[in-house]
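Structures follow.
Two complexes, one shared chain (chain A), two partners (chain B, chain C).
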Partner chain A sequence: MESIQLDILTISGSVLLIATFGVVARRGFMDWLNAYRHQSIVLAGVTAIIGYVTGIWEIYIAAVLTLLVKSIAIPKILTYVTRRLDIEFKTETNPYISLRTSIIISALLVALSYFLTQQIPFRSDQVVNVLLPVSMAQFFIGLFVLVNRRTVLSQVVGLLIIENGLFLFTMVLTHGVSLIIEIGILVDILVGIVISSILLFRIGRTFDSLDVTNLANLRDD
Partner chain B sequence: MDSVFANITMLLLFLTPVASAILVTLVRKKRTIGIITICSASLILVQVFFLVSRIISEKTVTAFGNMFYVDSLSAVILLSISVVGLVSALYSKNYMGRQYDNAMIDDKHIVRYYQGFNVFLLTMLVVPTANNLGIMWVTVEATTLVSVLLIMLYFKENSIEAAWKYLIIATVGLSFALIGTVFFYYANTNVTSFDDAMNWTNMVHNSKLLDPNLVKIAFVFILVGYGTKAGLAPMHTWLPDAHSEAPTPVSALLSGVLLNCGLYAIIRFHVISSNTIGSAFSSHLLIILAVISVGIAAASIYFQKDMKRMLAYSSVEHMGLISLGIGFGGILGVYGAMLQILNHAIAKPLMFFASGTISQKYETKAMSKIKGIIKIMPVTGALFLIGGFALVGMPPFNVFLSEFFILSAGFQSGQFLAVTLVILFLVVTFAVFLRHLIKMVFGNPVVPMKKDDMGKLAVVPMITLGSLVIVLGVFVPQQLQTLVHNAAMIINHGGFA
Partner chain C sequence: MYSIAEILIGVIQGLAIILLSPLITGIMQKTKARTQKRIGATILQPYYDIIKLIKKDEVVSDQSSWIFKVCPWINFVALATAAFFIPLFLTYSPFGLAGDLLLVVGLFALARFFTMLAGLDVASSFGGLGSSREMMFSALLEPALFLTIFIVALTYGGTNLSTIVAAVAGATLLPHPQLIFAAIAMFIIVLGETGRLPFDNPATHLELTMVHEAMVLEYSGKSLALIEWSQAIKLMILLALVVNIFAPWGISSSITVATLGIGFISLVAKISLLAVIIAYLESTIAKWRLFRIPDLITIAIASSMIGMVLYYL
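Moving on, here comes the complex of A and B:
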């Protein structure tokens, strides 16, 4: 592989991480969505580069679909469902761990993913070396956002980041499992987002709040 | 079976629920769509019986190149899906009709219900037949999405909460499963061409060559991921909520069948991992999770106040027992586990149907307010009692047989600590479950009610399942024995019987 391609991949990897940190560091839902959109655009670019390097045409299709679904359809849907919600529903005012500590924890998670990828016996491959830790970091930070935040919306964003990490992980490690599976995964995400939008809407209307601490009626006591 | 014929068989099997979902969408009449769904579920059952008879004689059927692969292991799961699918469709007609009369649900949502029901059946039928493990993952995720839609059918606070928790926990869990699947695929691409490296048959074929370290990591991810879906503790937290808040026929499908689909996925990877690194690694992990599951279920049933939640925890217990059987291994343990899959799939829907009818009659799910079922609903009460006896593993009902096999396999393989703990937990569950059950079935009703078994269509599915519970307890038909035995051989002998 030429060094220019590797440089582009390295820069893209850092942009992906910066976008992930954007979600950790900001309080507003629209900011998260923007970060996610930009992350997805870069992700599609990375996918296309991998397609160019490996010469597998199916990966280009996966890149185009990623661009369409993740950077256009999903942000549109989520903006549409949340347009009538009060601004206070859309801001994370009181996470379990403060934003400042969250950023430090996320940085540690990035370090952890670099450490973990070195432990696992992968084929030596430049793309893997550069991007695999990034994908693991996205996965871990997504999980962290999911459990740390109180609004239902940030759980959705956490899921989306986890999913982007998974996509990158699959793409880097195996150059895409076959196209039909990629399409299946994308359809699953799209349907999942539509369903969670319906649920968001119902939670907002029924509980008059989007705080997950309301969702604690069902318990064994 | 020759390939064209096999393709047509599989295609028809998948087209039946699709056609039924489309018909339901077009017809939209409350009375007719119930009947359409019953017809399609019976058609599925007939086709599955046909397919299973082929499997018994020919061992495997492949279709569409190598995309679909059905062996005895898949056949066991397919049987449970189609039987529970049919009885749930029958029960839906009566149950959803009454929910409609009680104004719990409107015309629009009853159409949604039947659409969802058919699509749910479709997604579950694909899981055990897919050879491509990526397609299997996609359809398992699809079962989550469809069942979330079915759980949030009612506009109640509790169903919204249950649906949300289920959606988030299951999706995150399955993302672990995807990582595991990709690891297995990656390990396999190191030794074979990319083309069919995702196929289970190919992975089993190459399993001796896979990198052992990768396989270890991958199996842990798979176990966490599909274990979430299978309701193994400690990833089971969504299960009691989802199973208790779903409409009753859906609870029966979720508990009786969907959990099996999750376990099925784990078993497939267990086979590959056993071939590569020996069965000790995955078996020990399975046994640990199983003991935790049975323990947590016992504790939760002890403190339980809600009837449907109690049944949900009993599902956690039974999933634990099945993984215990797989973990103990040996022909006895795996045979018991396969039998337990079927027995649980028969007994649990029976209990859910009975509890659904009971809670409609008493208008509550709280066990303290339900008394004297046998006086008010003699048939339902008797079947509720039989189902309960079966679930706790009392002889001569069907679950006793499989639990006995599993526990003796434990002694045979020398896992004394695990067996002792599980027997202890089972004794607790036995006592507590029966105490709850007997308090509900006997005694005098709190408020006087009319004696009434709530319609024929509610009773017919229960009687069917009840008689299966009794018959399979004393006599397992020869064909079923062969099938279950073959499935056990697949697990024990590295993938091919």
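Moving on, here comes the complex of A and C:
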């Protein structure tokens, strides 16, 4: 029984890693948004599995909330806000590091996170052992996506992946913080997305571009 | 030592790959035709093609050297030899004593090397194009392939195919998450090695983008039949490897008629299913730009790297 639980946890962690790589390996905003949606669905599944393994029923509610907010609400809002943006704002034509190099770097980041979590000397159960490195890998990959992409729109996606990683991190370490805090964080993310998407829409209108390098320049008119 | 019956079954396994391989190609062509709303030729069409080509006369350029003439034979012999090392419906092959997975990869490389030389030999511009592209693909696919092989070999204790397949048949997939990543990498590698769609369009003969067809453009008659047949054998070997390493359900581990029959039927069903899936996938995507191909191969390399990390966890 114990070993079957461990197997299910390991397999679900692997699937989550694969879903995270979907964000790195594609170009174009709509592709990322779809990858993020798939990743959130997998994340909700992993959360439900954690709930099953630990036997705490509140985690199931957190899983359902994750599914509703992250895989339905946030992609819908982002699609709605960006529907009037020009198509050239939505495709990442030249990130700082090429696609193939960033895939290799992400694989190295996964290795790094496994290495780092093995250095932490604390007694832990199997949930922590299996899923903590996965959550850290998600965090690192999100950070990498954030610094690698040029447009503001794609940096929002990086932020969302980091948030997913943090969510899994807390869920693994604490086996579910109290439900109020969980709901608070989700609402926070939702509002953050709304504000940032309005902001980037206005940036696009004012500067005629969403490239972050243009934002650092002084205006010369 | 192996008994006479085991050696006989080993020979039958090798011959089954060689004889059934055009059927798999036929199934893929039929699936592609059906997804394009065509009726398509019968699934036996590759056999008819090979028979027709053997009956035809051969035209050889007077500028070509002996390499051009021996290439189809080396191709066929190398791949047919590789076929004998593959456990098909019995968990081991008696010829496994002579060679392992690395030898199979080496034989693939030998066949590919001579195909590239033959493409360059006749000095047509198409041949040169095809050879240089094929060299690029093979140089990039090699690390991914070896990392994947090492994952499988480390997990199951050895590169000998009989050891691997016997261990796979006795184990469940669940305790080995690294095999999921190895399977993803292996699927991309199979597409690349056999020149399926995102890498190369096997149905084209008249495009500047072709890779394998560009190298063998000058062949006709018996030589073309051999080249086509060995290409089909390569596809069948790789599909059989994928099926037997990652989905070994139904394979027979003892020599009785009943289990061998079940093993054979389930193997043919699984390989056909995989072929249909690949053909369906080919219908839904277009050929990629040549310089985007490394992106796809990088995904295979990254996937097998993560598999390695998970193994040493």
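What we mean here is this: the second predicted complex is superposed on the first by the 211 of 221 C-alpha atoms of A that agree within 3 Å, B and C clash if a C-alpha of one lies under 4 Å from a C-alpha of the other, contacts with A are read in each partner's own complex, and residues count from 1 in each chain.
The rule is short, and it goes like this: contacts are C-beta pairs under 8 Å (C-beta built on N, C-alpha and C of every residue); 3 or more make two chains touch, one makes a residue touch a chain.
All values derive from a computational prediction rather than experimental measurement.
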So, on chain A, is it clash or fit between chain B and chain C?
fit
Pick one for A:Gly28: touches chain B only (first), chain C only (second), both, or neither.
neither
Considering only touches as defined above, state whether A:Leu17 meets chain B (first), chain C (second), both or neither.
second
Put simply, what angle do chain B and chain C open at chain A, by C-alpha centres, to the nearest 10°?
160
So, does A:Ile180 touch the first partner chain B, the second partner chain C, both, or neither?
first
So, A:Asp188: does it touch chain B (first), chain C (second), both, or neither?
first
By residue count, which of the two partners contacts chain A more extensively, chain B or chain C?
B
Min C-alpha distance chain B to chain C after superposition on A, in Å, is 22
Intersection of chain A interface sets (partners chain B, chain C):
none
In the complex, the residues of chain A that touch chain C are 3-4, 7, 10-11, 13-15, 17-18, 21, 25, 99-100, 103-104, 106-108, 110-111, 114
Help me check something: in the complex, which residues belonging to chain C touch chain A?
174-175, 177, 180-181, 184, 294-295, 298-299, 301-303, 305-306, 309-310, 313
Mind pulling up the chain A residues that touch chain B in the complex?
120-123, 139, 143, 146, 152, 155, 159, 162-163, 166, 169-170, 173-174, 177-178, 180-181, 184-185, 187-188, 191-192, 195-196, 198-199, 202-203, 206-207, 215-218, 220-221
Considering only the defined contacts, which chain B positions touch chain A in the complex?
132, 134-135, 137-138, 141-142, 145, 148-149, 152, 155, 157-158, 160-165, 167-168, 171-172, 175, 178-179, 182, 185-186, 189-190, 198, 211, 213-214, 217, 240-241, 244-245, 300, 303-304, 309
